[in-house]
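Okay, so chain A shows up in both of these, paired with chain B first and chain C after.
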Partner chain A sequence: MASTTKARLDQAAEAGQTAAAADLSRNSSQVRQPRGSRYAPGLSNRLRNMLRAGIGWPSAALLIAACVLAPVAALGWFALQGDSSHWTHLLQFVLPTAMTNTVLLLLGVGVLVACLGVGSAWLVTAYDFPLRRTLSWALLLPLAVPTYIVAFAYLDILHPIGPVQGLIRDILGYDSPRQFRLPDLRSLPGAIFLLGFVLYPYVYLSTRIMFSTQAASLLEAARVLGESGRSVFFRVALPMARPAIAVGVSLALLETLNDIGASEFLGIQTLTVSVYTTWVTRNDLAGAAQIALAMLAIVAVLILAERHGRRKQRYAGNQRARAMCPERLSGLKALAACLLGCIPVAVGFLAPAAYLLNETLKRLHQVGVVSDQLLQSAWNTVSIAFCATLLTLACGLVVAWAVRCARQASSLAHRLAQAGARVATTGYALPGTVLAIGLLTPFIMFDHVLAAMLQLLGNADPGLILMGSGTALVLAYAIRFMAISIGSLEAGLARIPPSMEQAARLLGESPAGALRRVHLPLLRPALGAAALLVFVDAMKELSATLLLRPVNFDTLATWLYAEAARGTYEEGAVAALAIVLAGLIPVILLARTQFKMSR
Partner chain B sequence: MSITNGPRFLARNLMLAGAVTLSAMASAAHAADVTLYTTREPGLIQPLLDQFNKDTGVKVNTVFVKDGLIERVRAEGEKSPADVLMTVDIGNLLDLVDAGVTQPVESATLREVIPANLRGADNQWFTLSLRDRVAYVAKDLDVDALTYEDFADPKWKGKVCIRSGQHPYNTALIAAMIAHDGAEATEEWLRKVKANLGRKAAGGDRDVARDILGGICDVGIANAYYVGRMKNAEPGTDARKWGDAIKVVRPTFANEKSRGTHVNISGAAVAKHAPNRDGAVQLLEYLVSDKAQSLYAMANYEYPVKAGVTLDPVVASFGKLIIDPLPLTEIAKHRKQASELVDKVGFNN
Partner chain C sequence: MSALLALNGISLAYETASGLVPAVRELSLNLDKGSIACLLGASGSGKTTVLRAIAGFEPLRAGSIELDGTVLSNASTRIAPEHRHVGMMFQDYALFPHLSVERNIGFGLRRWQKSRRSARVQELLELVGLQGSGHRYPHELSGGQQQRVALARALAPEPELLLLDEPFSNLDVDTREHLAFEVRDILKKMGHTAILVTHNQAEAFAIADRIGIMQEGVIVQWDTPYGLHNNPANDFVANFIRREALMAQRAQAYLRGEAAAAGLSGG
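Here is the complex of A and B:
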């Protein structure tokens, strides 16, 4: 049954493609479902037709967007509680530096992740050399290392009394760090370096998928037409990969923007650190909320500008594209390619992981003592991350699909769905702690209402249900990481030509049916990628977890943080290693599922 | 519309049902238990809580909330499970009281043990331990006495290490200096200390010792109890090496009225809507008992609030602690100004 449907679909898709080939690039071919009730009169059918007209999905998307907006609304309410008296102080003494630092940090990290991510993706796609296969998944490994862990690991590794500088002194014949030492890592360049080397996998992942599934025929055409290798990359591959690069870079930049652990540790006064100082040190929540919202507005403008920049471009391609055939390198070139590919993995993953392993081995005797706590925290971490991943994925799918469907319906529906999708990604642009503060109020309000309802029905006072059970954490993670799933799924959908649902709809499927029977199977790689990215991020999440968790509830990250807060972060090496190891499994799975087609 | 809403409605009901089940699982917390919300690292207080459990049979449930303790308790309102709120820094304690999330406690034990200037006038908060902010000095340097004002001396150019100026430990110190020397002099002092910094004002207090060993700095300002921990660490560990690279000098304010060392506190309050108020008071009273205070001194290397408790030998070797007589509430008053001065001179940039 399924196979016949698939065969019919393929035929129809082919027909659709031929018919719509002329205007496919403008994407204006719309298949309008017959409106009215010619086939089946009655209320339910009218409703179904409304659904077919594409109102249901956008409204679901808007509902999700509203949930994501709840913390922003709470922050807005906080912001209104304060006055603007501190802005004179901020404008005069804080914002100029914080703004400069933030812009430089974002620029630096943006350039570094783009170069590392696109460069390494192109390297393993276009060339064949020793270790290429290993590298093609190993390049994702830095994803498993949270930025705050990288910061403290590198501070130790590169400290004047650490192994690297010790070795350099031995070679140069100095015997004390007082005679010779390298510049301190606690600086803006240091922060750019560290964040760049752990965040580039976001770009690598999205670009690599793009290169390996889409580029082949066009790239080969370019080669046949006599373009050099370099110009194939710059004139064909790079422009085609732009949406993928944009998705990857914006995830990395948002992560940079809302990072507090690494920036604070390295002493970089970013806007996020200012928000934090205003709130924590001066106990001025209103002021902090005002800065956070101003930042959010800037982020929104930047994201809209990027989308506006490529609004006229269409990227839909043929699903059955072959992977491109890599060029075989030999001799010195192969060695150079291999070394080049190893650098990001070594810096972003191997060095910090080796450091953590070493620190853990020094404390092996403790592992027995803490193993109960370790297991309990690991279980908490994995189960919460798992639930959050499912929820995030489901919401992301609804939103991404709503945008896709609405394109076929009215322009109003399309615009609404688009707005919903953009709004639904705001959680990722807020620093975790700020988001958590924004979520406290709606969650606890919900808890109070729910408790009152249950008590009305004659139950005992249930207490705070969301907050007391960890459900608040699942919802917070979903709201925070929705951007990742929406981004991945939108990119995945973009690679499915519109002719697919046109064909499905011609054959009588509803949007939901088309989604279930056509797009979901085709989306499997994108779903997998989104699931694993969200899962890894949820496992690393710290700041929202600290504020929203129930009593006696530790995740690996909070446990590690508790050690770090005592200043004894090396004592947390066991927990840090556990986070990295637990993150490795999804990352490797991710690599295996994503890159199967390009072997 | 209702078709779309149908499944969603169902989903929401399912979620609700799930939440109720979850809550049944989560509320395993027993009514006789005491629930503690703390901004203090659990590792530091867990030994005390374990001892409390052993001695009284009362279990303590904890949440380590780093930031946002006030916001969380306030939002939870009368349904809050919190009995005891624990935090460091006088400013944070007073913020709890100002936010209206604490309640007064009449306890003869607490009144007897804790000096009047170390608890709230209306018994809304109580000091549990003291922490002096001292100078870490490279071991070989011939420096035995310092004032806080000395850190501005140009002879330390490029040789001073300190954590972020916005950290409560530092804003409290700067606030004390404002109270003693005035805002202008303090601003000048901050500028000069900033010019003396050997590295960015970042990291933690232990990094000062590490950076002195690494040759980045010669002197720094940090809390004393970290030294107790480092110097008592197992020989051969990194922490021990850092601790062994420094000695402690207790600076005083140059001010005539002071001649004492800046001290901050860790403390606790009973939550306004504490479901187990008696248990909360019992825990507080336990924490100022000889046994608990001795744990504070011997395991955490903090200064006990109770007189006559034996100190750890390393801490005792720093000499007698002469506390700056400035009232804590006076320090808390200047905290915001201190934080703004840090911004103004670009101390952390």
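Here is the complex of A and C:
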């Protein structure tokens, strides 16, 4: 309606048509002559408009956005502090290898996830075969396995004297690993293989939704125009899915860039690993910050690719679309399709999960109990993830509500709030190590100042207060996962018509009162879902946790990392299984919400 | 007696990427206590914008809005919607889905004493003919019943002025006319002052004491239904009234199954 208004009024204005302004004192039905209109209020009016336009919520949103940006700013500042000898050392010895490894890893993983994701999405969309329904959600399962866990599991599964290679040797009749062994998993191709098989669901998910919500009529049209199944895929489906593929691949690559565990276990010296070792073993903060900056450049490219993809996707309406009718396969073809669809699930989820389950049962059988340290780290994980969830939800609510309120307040407030939201939701793209280095420096400085002040007041040295209490960790989780809570709450709010808060306001409630009495109760499902997703992601987080955790504080993920680093695989499997089981919850939630309409 | 509501030369505009787009131009009107007015016009004529400005959701570019001698809005200040003593019935009713009918109606009475509040809720349930439905939830009600709850909720805090935004547009034709008369009876019985916004002439004529025909952000004629019909101020009004009347007539004929007679055969 707004556009018709605009069109009409534009027309009217251009034609120089002066509309009649009627003086509407009672009983008068005559029309007065127009006096010309003025719509440009004076400067002071504009200023006053700005002030009364409800700047409070947008300001809070901007403050949160600033907190998300702060670590990046700190990073830049510290990178500049390093002297030039650092730079030459980095340029000569660290960056070339790390950069090459990282770029090759990203390229390999990108190609693999695109092939696996698009292929599996097309398989379950275009063809009907036994297990298709099961596969259409089971293909998401590898999302539950973090990269460091899949590497942890496969190092053992594919060990030269492990079960798989042993079986192959038995079949082929060899009796020693010297005579026959598979290529070593501790290599770049090995890392690409493992990361690809756990990260492809990002591509699968976005492409599958694309295919099933809007492909039907176009694909059927192509069919009617005489294209065969294969050429429909290459000529229509694939080009159409390009934005969705871009989104999925960028997300998978951000995850690859974030990964520290898998590359470390597999011995690939990536940028992430270099940041970690530069700080932890060489104690060189400026150097770590410099490498982190190089990573940020890659992140920026990936974000741009993702945003570009999303913009193209937006115009693809998805409400009324009907799912395409899959082609029924029979006999050998059906069997082949079924096996093909099972491969990614088996490699990315079933094999590692079965391995972890088996190891856990073996361990429990041998020892009977899990150690106190493991229980302690489980408790640490849950409690810190809980704090992070609370903070993340609170910030997400402020930002989402600010965007919502500002839409009605004024366009300036709206622009501010939207800018805040956009910045606050980029935290997910910051690799954990980069974020950690960015937070580390300000926090340590702050802690030193605090300690000095307390000592001046006659206290004993309190040590690092903020770092030691895990505050930095909670903040890092909140920054990294804020996009989840903002996105989920914005979607939840979008389902509540604006007349709801208008009604509440006219019935005497302030904006905050409307939020409390109307929107919060209506948002309960969105809040629940967001809480679950953030909680599980915080539980799984490894790369930032490694750098920011307080001394002698282990989460399940860092416990597993330490076990793997020591080569003592004793209780690692138990911790890993716990993380995978927790990771299954959001996958189930995702499968239920995403595929409700497109079965 | 001075007017309860006075709009003094108000101008409103939308901010778009390409600049300000005027929506309402120097519009003035006065409304007496106890009377029911209607802004009638096609979509895009600015009538809903006027209503939203009175409710406090739109900033004024120029002019002022006064209620009972108090300035609610002018170009520099805007009293918050919650402090205006204005009630509004929304096009989609905006009933809170998580609250029962009783709690919806009592929403604006949070500061009232509990006994007084429940007495007021019962009184309103009776007024709109929904006794015994207080414990039900909005989604369990028919469109007409939801509309009555919305009316009761808007009237509950005893607003000085009631705004109705296309209140009957979500109802089927039969219920619509019936309810328009019913709403008028309720408002008149309680002596409420109200402004209705609609594009439907039949509704306007059924409910209003005074009608303003809106076109491109101005009121082209402000008159009684009788006056509009018999002395249209210009061709636009005459055409608008006639076309609307004709369409209403045709629609009614069509509903009665006389499509051919109404000239709609083959459509």
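Here, the second predicted complex is superposed on the first by the 330 of 599 C-alpha atoms of A that agree within 3 Å, B and C clash if a C-alpha of one lies under 4 Å from a C-alpha of the other, contacts with A are read in each partner's own complex, and residues count from 1 in each chain.
Note that in this section a contact is a pair of C-beta atoms (placed from the backbone, for glycine too) under 8 Å apart; a residue touches a chain by one contact, two chains touch by 3 or more.
A quick note: this is a predicted structure, and the numbers were derived from the prediction, not measured.
Contacts of A:522 after superposition on the shared chain: chain C is touched, whereas chain B is not. Contact with chain B, but none with chain C, is seen for A:60 once the two complexes are overlaid on the shared chain. By the touch criterion stated above, A:440 is placed in contact with chain B alone, chain C being left untouched.
Judged by the touch definition given at the top, the superposed model places A:552 against chain B, while chain C stays out of reach.
Ranked by how many residues of chain A each touches, chain B and chain C are led by B.
In the superposition on chain A, A:89 makes contact with chain B only, while chain C stays out of contact range.
Judged by the touch definition given at the top, the superposed model places A:264 against chain B, while chain C stays out of reach.
Overlaid on A, the two complexes show chain B and chain C touching the same residues of chain A, namely 48. By the touch criterion given at the top, residues 9, 11, 13-16, 20-23, 25-30, 32, 43-44, 46, 55-57, 59, 61-62, 75-78, 80-82, 84, 86-88, 90-92, 94, 96-98, 107-108, 110-111, 153-154, 156-157, 159, 212, 215-223, 227, 231, 233-234 of chain C touch chain A in their complex. Per the touch definition, chain A reaches chain B in the complex via residues 44, 47-48, 50-51, 55-57, 59-60, 63, 89, 93-94, 97, 155, 159-161, 176-178, 181, 184, 186-187, 264-267, 269, 276-277, 279-283, 285, 362, 433, 436-437, 440-441, 444, 447-448, 450-451, 454, 461-471, 543, 546-547, 549-553, 558, 561-563, 565-568, 570.
Listing the residues of chain A that touch chain C in their complex gives 1-2, 4-6, 8-10, 12-13, 19-26, 28-31, 35, 37-41, 45, 48-49, 52-53, 408, 410-411, 497, 499-500, 502-510, 513, 517-518, 521-522. Residues 1-4, 8, 15-16, 18-20, 22-23, 25-27, 29, 35, 41-44, 61-68, 70-72, 75-77, 79-81, 91, 95, 164, 166-168, 171, 199-207, 210-211, 213-216, 226, 229, 237-239, 241, 335-336, 339-340, 343-344, 346, 348-349 of chain B are the ones that touch chain A when the two sit in their complex.
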